[in-house]
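We just call them A, B, C and D in the order they show up, numbering each chain from 1.
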């Protein structure tokens, strides 16, 4: 479907037997400027990718290969859709061959090595690569992503919370009580990945609603680190994630205390202004109630701003598809930036509703 | 299954073609001390109840009757499982015949007539009956319910929010910032009832998550009125309800700011103490994460108390089955109290899991 | 995304407030050779389409218009996503202006007017238009569709049953007992449309499985008429549709008795040969088990052929997305044929999984 | 809730960390004549059962024990809710202590040892115990179950297919073509148990419909063996199971060819007569369409008999809750028979709807 006559980007995927992997394959196989070069899985090597993910039949002819066969150093970009700890082992070698690296796991998200080690229970083997890595949230750091050789693709929850908070934190004057920010987040089950665990079984997760990670979730330090960067000072965050019986979709309800001096702020206008030029952030009209299905299978994130009864509590509602804007779509958006393509290339899919 | 030899309670149901109706029928038909006398629906009169609700085949032989046929004034108790506005028309007549009335709609929930009229957009036709009505939340007002002739059965959201807040508001000293209480609530779709509306269609509600009523929900004034009664002063509440793609179940996540002077409080002990003798409130051990399915089809409400990172935000998690403790089960609990039965009679069903 | 420099096809939609409507809008708004000209709904006129279907925000700027405002006679093609009985009233006028018509309802599916009137309980007002209408199943009648001015887009069930049976009926010699064909079909709830009815409520359809229409379903005569055309003689069909608690997806399990003389047939090869050149029919390798999600939101239909224990019963499994290949996608496929475009234009979307 | 003054039955459960285990616990803990004595799980020994299954909090105080601690030989009855192969190792020892055994796995279902070994890929270690075992389908073999010391509790699919077919096979004269019986069966996901496997994940099974086991399913020989017993001759069965995105529920659609000589049979009357005295089989009125939710969490099985267009194909629709009548409920029904209790004791729960 490409109109481009230039050489396509050669893309490789490490891992790819999980949900971010199949979603990357769905997006990249329809991207007009990308040619899928290889996908690796030591365990499944030899198996056609489309045997594992039958939606790809007729669209992706690749087989899983061992890393040795895959010749990833001949790629222009390699995506890591792997568990935490893999990308940091292999990134250096790829970078040395001029390959750009986008990690969908957490290896290059947290700038602080100690924090990483504390939350992910493993030493960080490539602190030097981490230093040059850019946190891949385009709406916050587009220019640095364009220059990046290695990108840490944000977690799904952080994407919603950070984009929901950025306008009030970047307003140029204090608007909210940053010591008491509340994020009540809800995620579809695909966020837990394709690994087998009791809590992800249909008969456990269906027709059920539960909180988890109240005592501490790995996305908490990621959000906090980035919030501090934006706000220029630590932000006190209470973050409670919940599990929703749906496959895709993420919804964050943010509760912010408006400062007495800021009660006259037009928050609707503030948000609209902040994201006026963003192709993948939709600030909905005042009074709107976003739904996760309005972004299902698309890279769009939608925000609505409410102030119940005109009081001093600001309620910000944020929705995205956790596998697209919250993972694979954002990774492709980052790739587009890194390779000088229009940012929306291959990402203009209309959400699937119903 | 009853061991009782006394005369059973003759119960009638007005309405009963909705979900609270069928749930009442499920519970009452298995209640050892109740005999179902009549159920009315002008529209469906003549139809066997079990034709509409096939789960009742073999358990309930009644047909829907017109109010004229039903002779409700011969009942000991009449439940109204009707839209708002019906019970207040008929309660007086029943009371005059010595019949007790339990309304599962909103007619007798709000003590303030003006508030009722503002939120339900109709005049209240029986302010005198309203004056003698008791708000039927046994854990807050058991003694008055025992004496009541008419009970306003609480809304589903209020039950979770009120029972989640009562311990901190009734502690005898100020513990939390009552000006800024946040209730982020989530409900299964059955809460919207059996009436046909686009938003309740499977293809709209499934695989989706959405907030609603952010600008104002009828349960907000109900909660506020009752909170003020408990706390002895107005409580500032931000209440955001959400719709979860599950049939039954309700989950409220409460965020409370602990006052500086109260930071040394043992909230876990406080909650355990408050509900130590309650048969239908289960304060789970510290660190627990309640799930809605743990109370599915049962009258139990479970609470877990968290204080993330030991900070000054208290997070209270509350689950119930919206159709049981949030509606029909609570109504039966109230009936048991009103008729001097052990409070748990007919309500000891184990939740259905998975 | 179009590479075409020719004038785009001006497309109009009548109706469009239902699920086939929004799916048409999703597909047409991403079609490289189509320009959406107008969409009509008398009831919703004035409302932006994207207000009703928020997935279209940023993709479709149209408002619903009254038929008078819409000037549909200036279109190249008009799709009817309306209840039965609308297209037959308006088709003649459009055809007279040279507009092609594709009806997604039943007005032009059944060639026999009496059968139509018997099953749809209304007289057919345009038997003359019906005579020139072509049944729009491209895999069976591609050449006539290319020439058609008016197309009756097939029902969802018929698409699966007909494509599942065509190879054995068109094999050139008798292979199966055509007097006893069984189609056990299962559909997602979106097949019932967006109209409000109790049976389509989330709380009725979720966590439930049911048969319906056992005594007679409107798709039965449609399938039978077309089977007779293919087979050259009446086919005895038992057709039982079932409702599955999922939004999209259709699965038909066909049971065919193999004739004694045909027991040596290689049915796998027969099916592969029959559909070798079809872009939207995927005969899966022997032993495959198709899943509806493998075609979710795509125009692909997949077939697997089984012969349990090598006996004389042939089991054919067919999956499609009822809203795409079973409705809107097939309509676009027909449009492509009618306008001389490559048949797959705008229809190459990869299915969304998970 | 018991009115019985006699000594309760001491019941033990081996296994019990799966769904049939928790369902047994739910039923037995509410059974008026049973006292739960012990539940074993070597892996989870020491853990309170209610920690794994929070619906049991307040109802079951037991902890999982090792087999050594559990003293199962002091029980009156022991249920095996274990993987295949466990009961046959331990049954002999228990029987020697006078303990009755009910196995919910397959060890004592198939009378033919070779068939067992072929399908379950393990030798049968207790063919002598197998010889005295009774297949526990009360509606077919009530008297022998009453006398049994060891019962093989039927599989979930077999229960629906056998009870759906028994009336036509036991009619006293040939009614259907027994060489070509078709059972198109659909099951909720809980039928696959609580073990972790990719296909049972929420994100795989939700919003999806698929067939499985077309080439051969372990319940096929179980059904066939029992059908041959009933019919007095082999029955040719095509059995295709499917997976439905719901937790509980099973639906079998049976297609039977009526013999020319039997076309005048009143099948509705035949079924009603056959099951007139059965407390757990409900033959619905002519024209009925059963739904799985009408039996959710209950021990009822419902049947509807159809003959589309009055032709020679009989369509029998059968629904049950796969975990109750299809597993744990049937096991309790068998226990009631074995201990001389009224068959319905502890099993009269009204199904949960919605």
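Of note:
What we mean here is this: a contact is a pair of C-beta atoms (placed from the backbone, for glycine too) under 8 Å apart; a residue touches a chain by one contact, two chains touch by 3 or more.
As the structure is a computational prediction, the values presented were derived from the model and not from experiment.
Pairs C-D and B-C differ in how many C-beta pairs touch across them, and the larger number is found at C-D. Comparing mean CA positions across the assembly, the chain most remote from subunit D is A.
Remark: subunit B and subunit C have CA centroids separated by 46 Å (rounded to whole angstrom).
Averaged C-alpha coordinates put the centre of subunit C at 40 Å from the centre of subunit D.
Residues of subunit A in contact with at least two other chains: 19, 188, 190, 194, 203-204, 206-207, 245-248, 290-291, 293, 296, 354.
Residue ranges of subunit D in contact with subunit C, taken from their complex: 180, 182, 184, 186, 188, 203-204, 206-212, 214-216, 236, 238-240, 242, 244-249, 251, 253, 255, 257, 287, 289-293, 296, 306, 308-309, 311, 313, 315, 317, 319, 354. For subunit B in complex with subunit C, the residues that touch the partner chain are 19, 188-190, 194, 196-198, 200-207, 245-247.
Subunit A makes touch with subunit C in their complex at residues 1, 3, 19, 22, 26, 29-30, 32, 53-59, 190, 194, 206-207, 247-248, 282, 284, 290-291, 293-298, 300, 302, 323, 348-354.
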